[in-house]
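Consider the two complexes below, in which chain A is the common component and chain B and chain C are the respective partners.
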Partner chain A sequence: MSGALPILIGGPFAAAMVSFLFTGAIGRALSVLLATASAVAALATSIEVMRSGVQIHALAGWGAPLGIELRIDGLAMLMLLLTAGISLAVTTFAAGYLKGDAQPHFWPLWYFLWGALNTVFLVSDIFSLYVCLELITLAAVGGTALSGDRIALSASLRYLMSAIMGSLAYLLGVAMIYAQVGTLDLTQLSGRLGSSWSSGAALSLVTAGLAMKTALFPLHFWLPAAHSLAPAPISAALSAMVVKASFYVLLRFWFQLSEPTSNQLAAHLLGALGMAAVLWGSVQAALQERLKLVVAYSTVAQIGYLFFIFPLFGGALAAGRSEWAQEAWKGGIILILAHAVAKSAMFLVSGALLQTFGSDRISDLKGAAVRAPLTLAAWGIAGISLIGLPPSGGFIAKWLLLTTAIRQEYWLYVAVLLLGGLLASVYVFRVLWHSFLTPEEMPSVSRIPGSMSISILALTVVLLLMGLRPAIPLEFTLIGIPLPAGDLR
Partner chain B sequence: MTAQYSVYALAGGLLVGFAFHALAIHTHVLKRILAWNTLGSAAFLVFGAIARRNTGAPDPVPHAIVITGIVVAISSTALALALARRIDEENKK
Partner chain C sequence: MVLDLLLAASLLLTAWRSLYANDPLQAVGLFVAYGLLLALAWARLDALDVALAEAGIGAGLTGALLLGASRHAADRSFSDRIASPMMRAFLAAGALSLTSIVALALWSLRKPRGPGIAPLVSAKLSESGVKHPVTSVLLNFRSWDTLLEIGVLVVAAFSILALRLARSPPRKYDPMLAALVRVMVPILGVCGGYLLWAGSHRPGGAFQAGALLGAAGVLLQLAGYDLLADSARRGFRALLVVGFGTFLCVGIGVSTLGHQILEYPPTQAGSLIFWIELVATISIAVTLNLLYAASGSGAT
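Up next is the complex of A and B:
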């Protein structure tokens, strides 16, 4: 157990250092090896969690409150596995996608991002979480600016400014919490934050800051430009993982630290913003002319669904039905996973189409279904999950959310869940429809490296497996679920 | 918090207000970078005051937080300045 943890954190960071210092073939191979080791470590740790439940590790033997503790429950484990899987796919894709001169700049940033993501899911200390989120931001902003042209640079500067505003709001919230309770450890904080006005203000600051970083409508303004102008592998990581990292921290604050039933009004406010995000993001996605912007706006929409977990979970607990809360919890987490896999597949598909046809305008995709059938099939499968059709991870997630919303008679959430799926099908099928049109002359295509196709296909297979065999991730979500132990069934 | 140190917390709160005001009215990139640096310093000042919230020896944990926070603030400021300079160069082309 404790043997795997240093590799989870140290592997990608060591890979970043190696790939920065040695840009040759040996350096490249060594860094891939180090990073892959962390994916193996994630797998090993997950077996441990499955066997014996929540794992706690005190760094250097210093426990909380003075030291920093690593804590791995089911949610953290799923996020680590997700990071490992998507990072492997993105690494494979990037090796084929990036031109030679872009590679030395890409790899260190990418491995730093990977390491920072792993760390954020492991640490159980609200200040360390701040540091990790900043590390993610710095690596992600650097990655966004990689192309070096003016629009991408402006988008990444705006991304950096927004992310730092979010972080500082979070940090002020942490200061207020520490002043009241005198500890930074999440487990020790749990249940000790009273319902005074200052704890309410602290939680509001934290929530607003993290909503900014997660790009919850209307704080999403920085996302479409940044996610669509980054190189495709970075876009995939941004949409799949980076926004989820701050959402993950938000989940910790709402469910581990505060009493979920006590702030139902705030939860419904988040839910309402989520609904607005679903509608606004989906409509915008359907109107875009460029493929990567479609995918980026779709992220704005899909993030909206994630925020349904707050009112649905809290509402169920307030009604005294913890099994309904369990459904909301499971649905929200599976949606994080399903969206991450589907969205990374979609961004990689956009990158592959961009390289095959030399354009990512949807109107230039005529004939693509004949010339790049596998790539478009992957788009279709990822789209099925976003819409929420079986068999896919997205279907399982939306089914669970829909069930609990219907049971609690939250009809507005039910309506938006259904309407959002319909709107998603508009932008998914619009792309497919264009690709099936017959152009006057067939577009000239350039062949893409096999590693790109393999990584895209691997992601779609995972997505289908999540729909066909959902029991394993569902089992994981229950380890360490923030419900009173007696309520578990 | 002991009374003589709460002035630092209040100053921190005031700086937060200044920073948000500056962010609201200025569009120039350097002024915005300065504004969120002010916001960061405000947070550090609040942490400094929190260290003396009880009588007796000061609590070292907020100090450690401020030192780490300064490192993070310097790195992100450096990145923002580098990006701003590159944008400026691209604009001149």
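Up next is the complex of A and C:
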């Protein structure tokens, strides 16, 4: 195991401590350095996974089942890279976005959130995953409450309660699984759960709890307020990464721990809720007056697509076509990545527009295309990916999902995939349309710091590259994933 | 047997009375009673570590936090808004169905399925640096979880400080309280120290010791010590993060010596665990006090 791992784990946490204790310029520089080192270490670890396959690290030297193991396969590697990239962009943006007196409170919570996100993608132990998710939740809730007004406080409190309900359901399921099998290690649990009544109950509890944390319709009620009232950099991290962390754990449970074919009925239930989420979230997004609420409801919709992976994968296996299952798997993973990049770009754009025009009402955006052309262009590119048009990461993901759905003749999923894209174009172009209208008098604008523009542009470039060079992430989605036709490299 | 049945019945009774109490103060009182009974139940099940944690944190400090918060919930309309009768009925129905699902699942698991990792823990106990199995799991075999749990407390403290709470008005001098504090604080300090030391070979450890020291701090706050006034000082902040910071430094530091992350050198395992627990106790006590200070004050 490489020497990069301790830096990858420790960097953001150390940055959090430093920025908490030393709020001056030196403290801030040191914490940025520590966090950046973690991002570089994520890259180094990924290169190692690409070169020599799955990396395993026995924490405290014991190994499973006595101790906890870190296991980095292709999926974990992509999530770590994603976390590093998005976090760097968010950090750069926040340095320009936040006012002076908000900064000392923001940095410790933000770096902690970053560190917590890393841990969830590393551990391969179902109880430890619970602890990691709790750490993420608490840091995310603290970040949501940062703006400090009463509405944001009540939104973050509701977020906290919902997330804790989800955690408790998850924990109950984990306890039942441990009682049955006697180990907590994901790899050792694989294939040993059986299909008894109690294992079904345990998996249902885990799935329900994680669906709550991932905000799957109709358990999304906490998300729009929390994601739209948090400060823009935190909103970006919440929508891009935090909901994906619990979804990632759900993927582990469904594909590594249980037999994906054995519960096709439950998979279709998740798929149906996903379809409802796409339609409900997109319609709501098109109706909102405030930019950040548009983006938040769009997250509700895009999370819906992610849940298509369960029925599409299981259906392909039931039909005996493992190459179709691979398409579903790859499509789902690329969608996680593409949505994370597009959505963080959109929230950062919302923050930039809020600071440029002093309002995030869509009706106040008249003339924005002239005054802030680059920011609006970034909105457009991120929108293209959400709709699923080429060349973007979103196009590749939806193409894969659409292909496998058509091959399996799941016409309802096909219809929702197409209709969802259409509805997404409504809320994306509605904002652009308003920005091209000519106001009676040009709005007065305040210039935004260069660091904000740089981070937004970097994200859009990544998004376009994902569409132009899709083979790079696609190749890594299968490393070490025990899919029927995917090999263990 | 009769004792156990009585205990179980009074658990249900206090839980029900606490949920349906008329005013917040009564509900909190019953909640604390419920927590203490629950601690007894854990003790009856031979889970002394859980019993200590439940009594110290579940009943004691959570009770103190709820007492502080209940001051803001004094009028009826407030408590009705957070839990209307219909909401309570809905929650009760949800909890009941969940409980029956779990009960059914547990019933199907009633035959013992194998011992889990317990035999492994006893086999490796001698290499862990401590003699108490629970401590060996928490501070060595699964130290990663404990590190992150202490991180959870740090994040809670960060979040509270970010709320920029207003200080509560100073209390009047109360000679009775002052006398009580003078007696109790040293006793709590000694008991906390004992629990910390005991953790290496019998039930005890950082969380329990931290809860007791935290209680001493709460008494000091009751007697007039203003914790929030100190919260901007670097010394206070250092105490808040010293537990997590030290644990992290040790965990990452050993990996530069050719070990895995968090893998203590076998000869130093015992003393490393002791020092980590000591600083963790301090951080836990300070964090719990910050929580208590926050529960009694209003947001600006």
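Keep in mind that, in the parts below, the second predicted complex is superposed on the first by the 481 of 489 C-alpha atoms of A that agree within 3 Å, B and C clash if a C-alpha of one lies under 4 Å from a C-alpha of the other, contacts with A are read in each partner's own complex, and residues count from 1 in each chain.
The rule we apply is simple: a contact is a pair of C-beta atoms (placed from the backbone, for glycine too) under 8 Å apart; a residue touches a chain by one contact, two chains touch by 3 or more.
Just so it is clear, the structure is predicted and the values come from calculations on it, not from any experiment.
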{"item": "Partner touching more residues of chain A, whether chain B or chain C", "value": "C"}
{"item": "First (chain B), second (chain C), both or neither touched by A:S228", "value": "neither"}
{"item": "Contacts of A:F127 with chain B and chain C, given as first, second, both or neither", "value": "both"}
{"item": "Partner chain(s) touched by A:A145 [first = chain B, second = chain C, both, neither]", "value": "both"}
{"item": "Which of chain B and chain C A:L171 touches, first, second, both or neither", "value": "first"}
{"item": "Touched partner set for A:A202, first chain B, second chain C, both or neither", "value": "second"}
{"item": "Chain B versus chain C as contact partner of A:S31, first or second or both or neither", "value": "neither"}
{"item": "Which of chain B and chain C A:T404 touches, first, second, both or neither", "value": "neither"}
{"item": "Which of chain B and chain C A:M161 touches, first, second, both or neither", "value": "first"}
{"item": "Footprint overlap on chain A, comparing chain B with chain C", "value": "66, 127, 131, 134, 138, 141-142, 145, 148, 150, 153, 172, 178-179, 182"}
{"item": "Chain A contact footprint on chain C (complex, rising order)", "value": "101-102, 104-106, 108-109, 113-117, 120-121, 124, 140-145, 148-149, 151-152, 154-156, 158-159, 161-164, 234, 237-238, 241, 244-245, 248, 251-252, 255-256, 259-264, 299-300"}
{"item": "Contacting residues of chain B [partner chain A, same complex]", "value": "1, 16, 23, 29, 32-33, 36, 39-40, 42-43, 46-47, 50, 53, 59, 61-62, 65, 68-69, 72, 75-76, 79-80, 83-84, 86-87, 90-91"}
{"item": "In the complex, chain A residues that touch chain B", "value": "66, 127, 130-131, 134, 137-138, 141-142, 145, 148-150, 153-154, 156-157, 160-161, 164-165, 168, 171-172, 175, 178-179, 182, 184"}
{"item": "Interface residues, chain A side, partner chain C - complex", "value": "1, 3, 5-6, 9-10, 13-14, 16-17, 20-21, 57-62, 65-68, 105-106, 108-109, 112, 116, 119, 123, 127-128, 131-132, 134-135, 138-139, 141-142, 145-146, 148, 150, 153, 172, 176, 178-183, 196-198, 201-202, 205"}
